[in-house]
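You will see two complexes here that share chain A, one where it goes with chain B and one where it goes with chain C.
Our next item is the complex of A and B:
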């Protein structure tokens, strides 16, 4: 099959494939971690720090231990091994050792017979703290501080990571530039707000094994961390991922409570369930970093980009998490979809005494792209060039290399621009709608799977898929890829069914279980469709070859003359001569019984030779161009977004239903960040740790979304596909910001853009004597 | 803790007669005592709608309802609206139109939407959006949920 051919015909792929587990989800029969009960199961609970930054002077758990019904009380010193999702920045412990670093940091864990007893035990724990100065703003931590939050901070500061990159010669380019624009963006932190709270069950059994069920996007990284911290070899730990109720990055770190819960299970010899309430979930956070960025873009007289000069100050919260990656991404993901010949970036991620920030959908790209796309809109204004024309002029061509040596293979960015411009009726609307009514463009670029696995040892593929088929003809599909609602189980099943020509209902996607699922690194960096898809395809082709070989024995025709049809293998151009799928299967099984097939994916070598060169390299990139329409109530500052035209290049969309769902869901999440979501702090204290006070958009606020899937097949993606899980979030934010500019003539560089900021913006514009569209 | 009290109600069409402490929350009764885990616990604060069940055919947040308040009433959970084989037209529409992604909010939406369609068999899109406004979904952006409820209203 030629994956890159746009004319390739499929039976299933490219259509609208309902989720294979859909019937279980709509009937309440899908099993999530909290639905699992084990006999003799105890309740696990955590005691959290009331202080943002303090030394733990003493911990007295004796009274708690003595309470009837309390099975274990654990404090930090029992498992002090530091861990973290990135092997280079291990700075977390399961339970705080000596020091607490944010309000909510875990200081003790209890297992008891029921909730009430567990709560009583927590109340009986006595901890003496010595309160330390709190650092709740990253600016406080960029120079030497008295009590660094971590010893690993740069030179006695709280800087967790500093990235300095310079490609080309920015100063020289600035000297020759004819136009110049600067945007200083400010972004509140936002969080994932998945509906299923974090929850873990752990059970240690007398055979020396530990089983952990957890709501996780990264079962393999959890497996590694459990082993490292608990000191058990990996083969004695079994990690199971039941259905997961959303993640968006919030379940993509191995988390302290998962390890604490397992530690309680080891301590008690009983199963322990640890279910978080919403405040726990908000305090665990790992959401998008509060960020300040400073973006300077220079162009020539026609609008060709000459240079980017960017700084970012990123509020990391208490731990590193993915922060090193975040710091690189805020720079390197700012450039595509454009050609940028000179680039300078300084990014600093600073620890603060706040809940840790981490990876959230479109990690590292969202905030910086808002500022860049806002700057480009401003440049169009200065240059008097249409925003679409400016972007098309600067578009990266297919098969090119960026200044920082990203390998760009497929890009249908220009097709996205054309589709969004035409479908939105842009030319009749931009600057032509009445005051208060506007239209804006925003564009996106995102990795389709991080090229670098987080762990390099041992050297192994990024994804492996196993297929097993026995005489019943059902096909068991095994892989540790974590479906968290995005539809990857369905895609895996559909790829196998497509290659083998069999019905989808023959597929049994087996629940992720480290005892039987070959490793996939997890659901992050928009890697699953690309990497799992390629691995699945290889496994399915290997199984197909076995079946075709058997069909050749039965028909007497050589394998190369046979082709796979619907539940049948027959001679090409002679459909009447052939055998059924089951006949071929049973023939193939004669000698060795059940058939097995395996496939794997390893991304090709890529990237430059300099420090940090791998950050942001990916086997492909997604692109997008969104147009949003806004209507502002110029009295109250409230506004709504009635319509979005979302042109997106995910290569070939293999399941249009899922891709649309990703785009619509991304628009919902992005609209939340641009219109109102914000983790609000007083000092270091999170003020709104509930879904009542942290408001995500309601159905009435959702625009009508027109998805324009215009991508050409990618040469290396499975059947030409690229990612559609994270990139689709990015463009909506600047599209709305730029539409507000078109509506009321105010540039918004601080998110969220709340009605009070809209009113203040209009007042400031009027006070400056500037009119807009006659108002 | 107060003394347990006898609780009698109709659950999914069958009589239920249990002993229940007065402070028992309906959601806990369903999930923990009766093992009806289709009703989801998303926040325990009445903010997400994942725990929606019907009490006398009206949607109710079971995490905010004392179990005893359901005494003498008719309680319906997702298990009670799922046919013995196959799916209801509303459930089928959710599957076919991609209205469920992670699925955690889905039982709550099915309950709320089912109650709406019973009272108002052919609601407008705006009426549907208002009816489900108490149910949060973080995956779908609601578009396909509204599509599915609309489609089911046409089937019914």
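Our next item is the complex of A and C:
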């Protein structure tokens, strides 16, 4: 039976598979980078800039170098090569060379025998700065500025990237529109706040090799950057990814401290560990961009979308990071799950003297989605059409192409709408609950793996998986895919076990190690299940074919009459005639010993021919429709979200336990951005670089979540699966915003929606003479 | 962030403690749980070379309905159902301090003498250095209200307002002997975020005493914070009262989390005695209290909102202690 058939039955997949590394993690025995001790290991520390924008006039490190116990003091000039996650925007250095660009920028690195000595060495470094004007608001940088933050800014401005796109004819469409809504959204920056702080160990050895252990989502990109900046060929560098305690995009860039730590190891010939505290993590940031957007949506009299006209002003912070992608995504990810016949977008990402923004879970698709879904809620009110009906009317059909030439294959968006509407009891609640109590809908659309590998030369698969099995029957699975807690190791093991019919406990997912793991590009853009899953499946099928061939020799039946059962290969419809898995394996090994198999995945060609056409193209897309219920204290503005119905289309959920975990975790993270998470600045200075003052929701704030996994299998996804790691975050934000509107009649277009803003909103509504639900 | 070395002393009696306090006058801190002090030390906030740990001092431990030793862990109070039933305001305040983990270490004395807090103070050395230090640590200026006279750091303990409305007293020992003062007099209303207590040099809080009258009062503590655990108060209002029939016999009201010290509002409450506590009177008191408090922008939520909420929380606290009230 075709694996994409919804009726396909599996032994493991589609069930609830506990994480293979779970027992190690819950018992504290899993090995994270900080757990690794190397003989003679030094402590690495960084000196950070106290200025938001300044020239470095002089650096005097002599006193620091002379301190007993100090092994190395490095400044920027030794490794000035610029790097960055995107090859087209290399603008970072491991250590600042002659300019500092934000409070926290790295100006020197020290390796010493212990923490205290390292801190003393930092204090002994003398730096003379010439302070420059600081640009802490993107609006300050859209015109020509006196001291551009980077020389690569557009025409002497601080604009890092400008995207202008126009498909169809927006002005003509606006001329014929009967309804029109405008939402101007404002979004604070938010950060990942992963549990495990950033940490790197580097060791250079006399054989001329450098080994780097790091808490990273992108071991391969780190590998490349280390090579580029340090001037060592890649084959002399070994990158190891131990267990990682969460990333959410915050570990998806090669980061300056990783390279600085490696540089200290080269300098000292000793192992060096650099462990960040929470303030360091906040200053490294690369979180979701502070954003202002301006969304205009026009419809016909029935509510059919005629046009989107969108602008976004994106605060990039000091570096480019993923910013070029961010700038595209804020436009191109705004359309699906709807059919938008005319689309115009202008997005600008501007450098500022603040900690760099980058990729964070549902990167580029979150802030713009909030404004779009808020606008649609407003339109449904104007049109007097139910919010569900409005969205269903505009849903993209399966196997269609968007105006900007995205290839949509599977979509179960309409099924999501139906499930969320029915399960939430929407029709009995919307606009019918008492004042202060509301219900709202938000929808989502996200890429299931970026079609464009970041490094597209040389042309190679996006993921390769190797399997090795010896006479003991245990199966070693090698791949550089980065499990950061999302369960990809478990999925990889389960796919192999499923295809071979063997027990999961035979799988040994080998720790990511560039010496032995074939390349996967990393955990970002929700690509791992789709790409690694397909590569793993191919590798497992190749191994299965070898075993079946051996079983054919043993049974005398041709391979096409054999089938794989539990730990056994037998004749189809004659289960008594067959051999055990081990018998088949040992027979297969007679020819050349341990079996090897490989599988890889390369996404098919897609996308248009225009500039930027690849941005946002993906082999599949996820869809979602969430309903949230809110209860507001109408005096204090405090509110809670007791219940969320999360209908999500991730194709076939291969591990329901992991998918539900991703949805629940996403809702928690998304609620944070709605309810209180905000990187607060005074000028260029981050005011709340701590988990006490950066307000991640507490467990008591977590709603009851009902996951409705209604997706049909995707034709190209592994066993029909699509992503479930990022898309599930998106819909909760507008669902809560729209539920607040239903509760108190106030449109919130600025996040986070803190209680003081709720009170102000109600006061302004009352002052305007508008009543709501009788209040 | 690392902890600089310090010398740790572990006295076993009050006398021994006072002797150490005399010997290291001006260069020590008491360690009474450490859940606030040690993070502050990691940020290099006003480090002292000596820490006098109080946990082995037997006279400071243990609690009953009448007396709470200064080193009583908040978790110990939380696990005593009779105590919690007897003093609803204390029960509510204790349960809302930080998190269970913090309450397992944190003590009554630690909460009463909690260091005042401010966005521009509770930051790492690097952070403060980059801004230019403030007068509360290493500097001479204020970044909240730009001037050099007065520190506006906020008193953020939850227990003080609750104890104040119950007329609790502090038992203090020092070089001059023992004395007892109302809890409110531990705090220097004429001081600021730096000069914040009225304890003389070398004095030590031994215990808090609760009068028998406290158990006859209906009481409550209402805390505003961004999240339902972990966070310090953006404001906290405590109220306690006693009725004869519907006639109010005793009433007290106190607030913390708004200014540099917690304070009682006897001038607002005493005119209400001898009559029923009507909605109108409650509204009047709430609105007056709101007019009296002066929060500044050094916590997460904006001061105008906290001021407004001081009124709402006062109204709710007073309504909540009326006979027959359910919440």
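List of remarks:
Assume the second predicted complex is superposed on the first by the 774 of 775 C-alpha atoms of A that agree within 3 Å, B and C clash if a C-alpha of one lies under 4 Å from a C-alpha of the other, contacts with A are read in each partner's own complex, and residues count from 1 in each chain.
To be clear about the criterion, a contact is a pair of C-beta atoms (placed from the backbone, for glycine too) under 8 Å apart; a residue touches a chain by one contact, two chains touch by 3 or more.
Since we're looking at a predicted model, the values are computed, not measured.
Of the two partner chains placed by the overlay, only chain C lies in contact with A:689; chain B stays clear of it. In the superposed pair of complexes, A:698 makes contact with chain B and with chain C alike. Once the two complexes are laid over each other on the shared chain, residue contacts for A:277 go to chain B and to chain C alike. Contact with neither chain B nor chain C is seen for A:586 once the two complexes are overlaid on the shared chain.
In the superposition on chain A, A:246 makes contact with chain B only, not with chain C. In the superposition on chain A, A:643 makes contact with neither chain B nor chain C.
In the superposition on chain A, A:484 contacts chain B only, with no contact to chain C. Once the two structures are superposed, chain B and chain C can be ranked by residues of chain A touched, with B on top.
In the superposition on the C-alpha atoms of chain A, the part of chain A touched by chain B in one complex and by chain C in the other spans residues 277, 692, 698-700.
On chain A, the positions that touch chain C within their shared complex are 48-51, 103, 115-116, 119, 277, 279, 635-636, 676, 685, 687-689, 692-693, 695, 697-701, 754-756, 759.
Chain contact summary for the complex, chain A toward chain B: residues 16, 18-19, 21-32, 34-35, 37, 192-197, 243-248, 275, 277-278, 484-487, 657-658, 660-661, 664-669, 690-692, 696, 698-700, 702, 704-705.
Here chain C touches chain A in the complex through residues 1-2, 4-5, 119, 123-124, 126-127, 129-131, 224, 226-232, 300-302, 304-305, 308-309, 312, going by the rule given at the top. Taken in their complex, chain B has these residues touching chain A: 35, 37-45, 47-48, 50, 77-79, 82, 87, 91-92, 94-98, 100-107, 110, 126, 128-130, 132-133, 136-146.
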